[in-house]
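Labels run A, B and C following the written order; every chain starts at residue 1.
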Amino acid sequence: MFLLGELAGRIGAEVQGDPGLRIEGLATLGDAGPAQLSFLTNPRYRKAAEASDAGALLVGQGSGLSGRNLLIAAEPYLALAELLELFHPAVTAPPGVSPDARLADDVETGRDIHVGPFAVIGERTKLGDGVIVGAGSVVGRDCELGEKTELKPRAVLYPGTRVGRRCLIHSGVVLGGDGYGFATTKGEHRKVPQVGRVVLEDDVEIGANTTVDRAMLGETRIGRGSKIDNLVMIAHGVRLGPAALLAGQAGIAGSARVGARATLAGQSGVAGHLDLGDDIIVAAKAAVFADLPDGAFVSGIPAMDHRRWKRAQAVTARLPELRKEVRKLRAKLTELEQRLGAED
Amino acid sequence: MFLLGELAGRIGAEVQGDPGLRIEGLATLGDAGPAQLSFLTNPRYRKAAEASDAGALLVGQGSGLSGRNLLIAAEPYLALAELLELFHPAVTAPPGVSPDARLADDVETGRDIHVGPFAVIGERTKLGDGVIVGAGSVVGRDCELGEKTELKPRAVLYPGTRVGRRCLIHSGVVLGGDGYGFATTKGEHRKVPQVGRVVLEDDVEIGANTTVDRAMLGETRIGRGSKIDNLVMIAHGVRLGPAALLAGQAGIAGSARVGARATLAGQSGVAGHLDLGDDIIVAAKAAVFADLPDGAFVSGIPAMDHRRWKRAQAVTARLPELRKEVRKLRAKLTELEQRLGAED
Amino acid sequence: MFLLGELAGRIGAEVQGDPGLRIEGLATLGDAGPAQLSFLTNPRYRKAAEASDAGALLVGQGSGLSGRNLLIAAEPYLALAELLELFHPAVTAPPGVSPDARLADDVETGRDIHVGPFAVIGERTKLGDGVIVGAGSVVGRDCELGEKTELKPRAVLYPGTRVGRRCLIHSGVVLGGDGYGFATTKGEHRKVPQVGRVVLEDDVEIGANTTVDRAMLGETRIGRGSKIDNLVMIAHGVRLGPAALLAGQAGIAGSARVGARATLAGQSGVAGHLDLGDDIIVAAKAAVFADLPDGAFVSGIPAMDHRRWKRAQAVTARLPELRKEVRKLRAKLTELEQRLGAED
């Protein structure tokens, strides 16, 4: 339990209303009651905010809400992250290696590591201080996991994978699987050995069942602070980030370079061997088939400037009418020509 | 072995031909022989049905097939389900907890549960009567699995996940992974704790390697009787169903609401925070970027009314010709204007 | 260490430059130093090749590079595969069954098999000579794995799955999960039992977290020498290949037939029940909604002939201009008509 005024102090927000209001927890606009704080960080939910029974609302500046207890923050979504941490402190696995885990004799382990039951860790692998390896995870030989990195249950790291510090790898993730490389000769596909590795820099998060393939030679590298959602596919030799955001089911084909702070929305794709600049945005479902300069915002298949795409799509939906108009013009013109005795 | 007439009685169908025909099993049109029953439930396979060596065919009313032994059912695909159950009774794992499974001391278990080897079940989790937890599955603490729910091998449930009765969760499924939420400030992405849960109501099926993320706060909820295919992504805070159908590789972004009996075809997507009505259909590959009323049937990127999309696509394929036509008209018009001495 | 001339002899290539050059390894153009061989197999990297510090370069005929040590091969990508094998001989798991694996009593095993810890193998399953079952994999009852087939850690084979010889199944793959089949009656979806199987012919590779569903009846069959990338979805009853190539996140819906040497690029899809010929190419992101003849090369949603699609897309991006042109023509024509006193 916190008083509203206390919360304001903790997160550097301003109270409008009763700073002595007792807040027992956080809840969604629909679920919150008088002892709970809810939030309005997306204008789409304004009506739901007005109708909410929440005792108080976290909002941004200029929300225009009145007659309510408000916690007004400069960056309300960031403030929400802080409040969630306050009310829901992370529960971490206690240090200890399960007797049901199997570590090779020469695994190097730091202090306070946790290894769950049925985890398997290969030869010469190094686990930094505070590393957590969830139940059933398999970490191949010659891997490195930086301090405080956590593998949730049933992640797989192929041999040689390197993961930085404070990374979070969700269940079902596969890092370091073979890149997709085959030399086709006489209708048969011969495997091209994939002898590179995957490197994740510090503070990377990888969502459930996402796959990142090892490079054929050298590295597939995910830059510092990049956050990747579920079921994303990163092919061999890709270089991404730092601080990239990849939403669910996005994909990047082999050897593409994607710059800093890139955003790939859901189900988007980037073709192989491309160079994409910093701060680019690829809209949901878009497919990038050509290099992009810094700051590009693209949509469509093939991807083009987002505003151009929007205008083009507006016409696309009305193409039958456009064609009808053209046919009408043609008929009128023909009629006119005939009236004038024009030779066609 | 059943006589054709017996089968008709069991499924409420009508025999045309020999009710005394001995049917030893079911097979596809191409594989079936004289002792087997095959089926024609999709008109696309009519020629294959006519050429089939099957002893008898399950068909709908008015199939127009003649000179064959037929089992005529009002709902032939439903009848096929019943016949498959009859000829292939489900083989279920016998009750028992493997000595190689690891259950926390305070797991509450109903009667006749089965837990396979190398499964791990966390503190305070409750398993209803007849629950099956396949080999290598990991069920976190504070989960609940309703009676007769089955986890196939290597499913993962994060802590706090609730699964109803008679659900079927296939291998590689991850329920309750962290939602994808980050507050970006000064070019860095700070994790927004995801402290909600995933709730599956009764009779839900989830296909292999599909992921359903936990809500940031509150629930991600999959309604009763919904059936989800493989490699589908359901983001945090989604509410879906009841009785929704999601085909392979579909995705629903965060906080979207999708109504009852919705159909999302393969590789389709729904953007975040949308409200989609009941009985909607989203065609394969479509991307829904706006709310949809009940009964909408949409296609395209962005999704639009399906018939409009079809007409627009027909023109799209012929756009080069349309442009040529417009250029021709322009040329003629210019010529006409010149002939008439028109000032432009 | 090899001399450049030796390497040429091994792979049937020609040396331009110093055959006595000592090559210690292979590296990418950016990473290679004077003791390393790099390669130029994609013209996109020509400048990087010119700038590379590599001691020698593997190239195709007519590369036009000069003043460098070159290894000139007729099929340079194939030569690269051979060189990678030479410098990086495969490390395979030593024969032996982990005491932490659980095999049913009646599993039939060939010579020199390897089974990792926490693997589970069901009744009556047969493992050919040299089979490798990685840690944590689950192989159901009545499966067959041909000689030298390898399952990487944490693959799952449902009961009855048959895998040919020399197949490579990556981590997280699920073979034989239930096909997605439901008979809908009165708004409820009744499961149609899926009692068929998955068959992989010889020399098939399946990428991480890909799923191949069992047929409702009969087989889902992946033809000999087919290579499938990560996160691909193959639905029930599909027949594919031989020698098909499916890139990441592609999907094939139920009962589709896809011919020999088909290429499905990334994130492409094929609708159910279609017949696609041999040697077809489906471009990235395309969706095939109709049968395709041998040799078709298609793009777009819905997929059409690739060249037609390219021309149509070029116009799509300029649709707003086209519409403006049409409006201008209409205005001019109207003006002309008025000048001529034409009744509209």
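Note that in this section a residue touches a chain if its C-beta (ideal position, glycine included) is under 8 Å from a C-beta of that chain, and two chains touch if they have at least 3 such contacts.
Everything numeric here is computed off the predicted structure, so don't read it as measured data.
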Homomeric contact chain A-chain B: same or different residue positions, threshold half: different
Angular offset of chain B relative to chain C [C-alpha, multiple of 5 degrees]: 120
Averaged-CA centre spacing for the pair chain B and chain A, given as whole angstrom: 24
Shared-contact residues (touching 2 or more other chains) in chain C: 118, 136, 154, 172, 209, 231, 249, 267, 301, 316, 319, 322, 326, 329, 333, 336, 340
Chain C to chain A touching residues, read off their complex: 26-28, 30-31, 42, 44-45, 75, 77-78, 80-81, 84-85, 87-88, 90, 100, 116-118, 134-136, 152-154, 168, 170-172, 205, 207-209, 225, 227, 229-231, 243, 245, 247-249, 260-261, 266-267, 284-285, 300-301, 313, 316-320, 322-323, 326, 329-330, 333, 336-337, 340, 342
Interface residues, chain C side, partner chain B - complex: 102, 118, 120, 136, 138, 140, 154, 156, 158-159, 172, 174, 177-178, 180-183, 185, 187-193, 195, 209, 211, 213, 215-218, 231, 233, 235, 249, 251, 253, 267, 269, 271, 273, 287, 289, 301-302, 304, 308-309, 311-312, 314-316, 319, 322, 325-326, 329, 332-333, 336, 339-340
